[in-house]
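Common to both upcoming complexes is chain A, partnered first by chain B, then by chain C.
Here is the complex of A and B:
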């Protein structure tokens, strides 16, 4: 068990999506942080991590963009830990960390660009990058979380959906697959653990790490719709009421292609899509507006009322 | 069946005779179908090296054709023609004309990295798919794919302001691909959003499209990245033998470039 105090105050990197379509994730993350007594210091004057696109123009540009965020957290804010709730951001910061530790050419380009841009070059190992799941797990833990639950998620059947970038490729997550207590890249369980601690009933969901086609959500929409429909149907078949998400791209993709499957393919699915932070917030007794439940496109109010959560 | 896995042979490579006698033996029926002999002479011996010179393609030489990439592939499950193992095989052999049969779907890789996870040789097949898609565009075999256009409008915006404002990215992409903004699903999505979104948030989102979110003091980072991107573009042109000309003598090869 890592030292929990280290994670009670972290540098917070929301990223671009959380200021746009992922706003409910941003709001609910901040709300549960506050409710749990955790401090988030937003990374000053941050920039885009490069998302899934810049690497296709040039991977080292992406490494530089992510390294600038890490550099500000480490060198200008003196942070030890950077927390990124978005899978894309989290993935890119981890990838930059890996490349700067193992690839001389990436180090050289990052140094060159950082110098020209006029800020300190990030050096591998200066900060630790964690996901919002690690944050709650490490700073609070399941036991304390369970003790703080005011409004149990009992009776809510959840399919936990982790997507691609939280676990793949394995080599950029050296802390995963390290036995008991660590996250698994083939069968991730951190979200399951936290929601179970909040009383939810996790269903056996085979598509936890399936791809939603997020990279081509607009450029190859039909494939994305097919991939999302697989995920939605599998969750329904598993008996879930909601799909819990931990990535704004996955979340928006599921919401958007649930509608697109309806309008373009005539395939209607009923399952609701909710951020895990929103579920935790409701369990901690926060009002639905505090966790921005009304900002989701997928309208889960009726379901939550049925379960006595709103 | 006299020809095993006949379904894998293209119809134009099969020759069937209703009645056939060879050396006095009647071989009609099943035994009258033959695979046409093929002699391949148009190897592109530079192809593997060129694709390896593009970002992501560096480790193609490690492949030992186990097929784990195709087996784990998200897109292959939707479209069986999408076959990374086979394309890597063709590239390494230099069978360009064969690869070109699939040129219009290679860009469809969704970067889920299941292949990278499964690959026992660290080929990074996801990167090889991107490098191959870039190579096809640079050589003039394919127009810019919708994915490439999206990557470009996205990267242009990050380079310009340091941040992404999604509304702008979507509009630029639809413009670049000539699509109308008024698509049935998009209209339906906006309708559902508007029923519950608070006015304050809508105003904030609306303002973001006017006052673009930006990283302050971004100018130097932008200039540095643009210089770097231009230098990479030059290097890639040289590696692909495209100095100023496409392979058909066309001007302005469409090499991926971030900077405007």
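Here is the complex of A and C:
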């Protein structure tokens, strides 16, 4: 079992998306952290993790960019743990960690660029990178979370959507698939576990790690819309009221393509899209504005009122 | 080899059916989708099985050299799982719903593979992203 205290105060790396389209995720993450007595120290002067754009052009530059974030956390803030709520950021920080442990060429480029930029070079193993799901799971756990619930999610049927980057590729997540208590790369369950602890009824959802075509959004929007529409239809067929998300890119993609599916293909779906942190916040008794429910494009107020959550 | 539009029509029809035989047909549709991916890359689709299913062997074959193709690994496994539910309990009252879910899973596989084929040459787009310039572009 992880040492819970280690995760009660972590370096927080929101990443670019959480300052823009993913703002409700940023706000709700901070709100539940505060409600649960957890401390988030935002990484000072953080930069882009390298995302898809840099990685597609120069993967070693992406490794350096992610390493800079880790270096600041480790060497300037003295942090042991960096928490990244965005799947893209989380994936890239984990990938950088893996590359710096296994690839001498990546180490060399990172050393050169770190020296040029004037900061300490990040060494593999200096910090542990975790996702927001790990954070709540390890710092609080289901039992304590359930004990703190003031407004149970009982009656809310949830399809948990993890997206494609939270578990892939498997080799950069050595802590997963380690048996009881660890996350599964083939059938992730941490979000299911946390929301169940808050009273939600999780539905069997076969597309929880399926591709949403996120990176196609600009190059071929129709592919993304069709992939998202299929995910939305599957969640509805599974009986879900909401899709819970844990990634700003997935979340925005689901919201935007839900609208586009209606305008471009005449296919309307009713399911609502909500961050898991927003659901947990409501369960902890926070007001909807505190978890930025009003900032979602997908308007879930009526549903949440029906369920007695707002 | 049927084109994607024909396979898509079959998947949709099977999703509206209550005939338990549709489970095997959806699994077969999944195999056809992966055969197209492998053939498009100049390969010979395998006839072998992995964990008792050709679909899973085809998925592993399709991933060689294209790590991002692993993004459909769980979709394939879910298709096998749903096919098994249908095959093991053909008279179960949930068979129509299981067929519906299996058809949505198969549809996702079709959209993913056809989408990837369409954007070939534009670079990889998901977790194991390859450099756009790797091919010297």
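Definition applied: the second predicted complex is superposed on the first by the 310 of 310 C-alpha atoms of A that agree within 3 Å, B and C clash if a C-alpha of one lies under 4 Å from a C-alpha of the other, contacts with A are read in each partner's own complex, and residues count from 1 in each chain.
Please note the rule applied: a contact is a pair of C-beta atoms (placed from the backbone, for glycine too) under 8 Å apart; a residue touches a chain by one contact, two chains touch by 3 or more.
Since the structure is predicted, the reported quantities are computational estimates derived from the model, not experimental observations.
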Subject >> Three-chain arrangement built on chain A, chain B and chain C clash or fit >> reply: clash
Original post:
By residue count, is chain A touched more by chain B or by chain C?
Top reply: B
Subject >> Touching partner for A:130 - first (chain B), second (chain C), both, neither >> reply: neither
**OP:** Go through the superposed model and pick first if A:118 touches only chain B, second if only chain C, both, or neither.
**Re:** first
**OP:** Applying the touch criterion given at the start, work out whether A:100 contacts chain B, chain C, both or neither, answering first, second, both or neither.
**Re:** neither
**OP:** Would you sort A:45 into first (chain B), second (chain C), both or neither based on which partner it touches?
**Re:** first
**OP:** Go through the superposed model and pick first if A:36 touches only chain B, second if only chain C, both, or neither.
**Re:** neither
Original post:
Between chain B (first) and chain C (second), which does A:227 come into contact with in this model arrangement: first, second, both, or neither?
Top reply: both
Original post:
Touching A:109, do we find chain B (first), chain C (second), both, or neither?
Top reply: first
**OP:** Check the residue A:59 against both partner chains and state whether it touches chain B (first), chain C (second), both, or neither.
**Re:** both
**OP:** Based on the superposed arrangement, let me know which partner A:164 touches: chain B (first), chain C (second), both, or neither?
**Re:** both
Original post:
Looking at chain C, which part out of 81-89, 99-107 or 117-125 clashes with chain B after superposition?
Top reply: 117-125
**OP:** Would you mind listing the overlap between the chain B footprint and the chain C footprint on chain A?
**Re:** 52, 55-59, 164-165, 168-169, 210-211, 213-216, 219-220, 223, 226-227
Subject >> chain B residues within the chain A interface of the complex >> reply: 55-56, 74-75, 78-79, 108, 110-114, 116-117, 124, 127, 130, 145-152, 154-155, 158, 162-167, 170, 173-174, 177, 184-185, 188-189, 192-193, 196-198, 201, 205, 208, 213, 215-218, 220-221, 223-225, 227-229, 232, 256-258
Original post:
Touching chain A in the complex: which residues of chain C?
Top reply: 67, 70-75, 77-78, 81-82, 97, 100-101, 104-105, 107-108, 111-112, 115, 118-119, 122-133
Subject >> Of all residues in chain A, those that touch chain C in their complex >> reply: 52, 55-59, 91, 164-165, 168-169, 186-187, 206-211, 213-216, 219-220, 223, 226-227, 230-231, 233-234, 237-238
Subject >> Of chain A, residues touching chain B in the complex >> reply: 16-17, 19-21, 23, 45-48, 50-61, 64-65, 68, 109, 112-113, 116-118, 164-165, 167-170, 185, 210-211, 213-216, 218-220, 223-224, 226-227, 255-256, 259-260, 262-264, 294-295, 297, 299
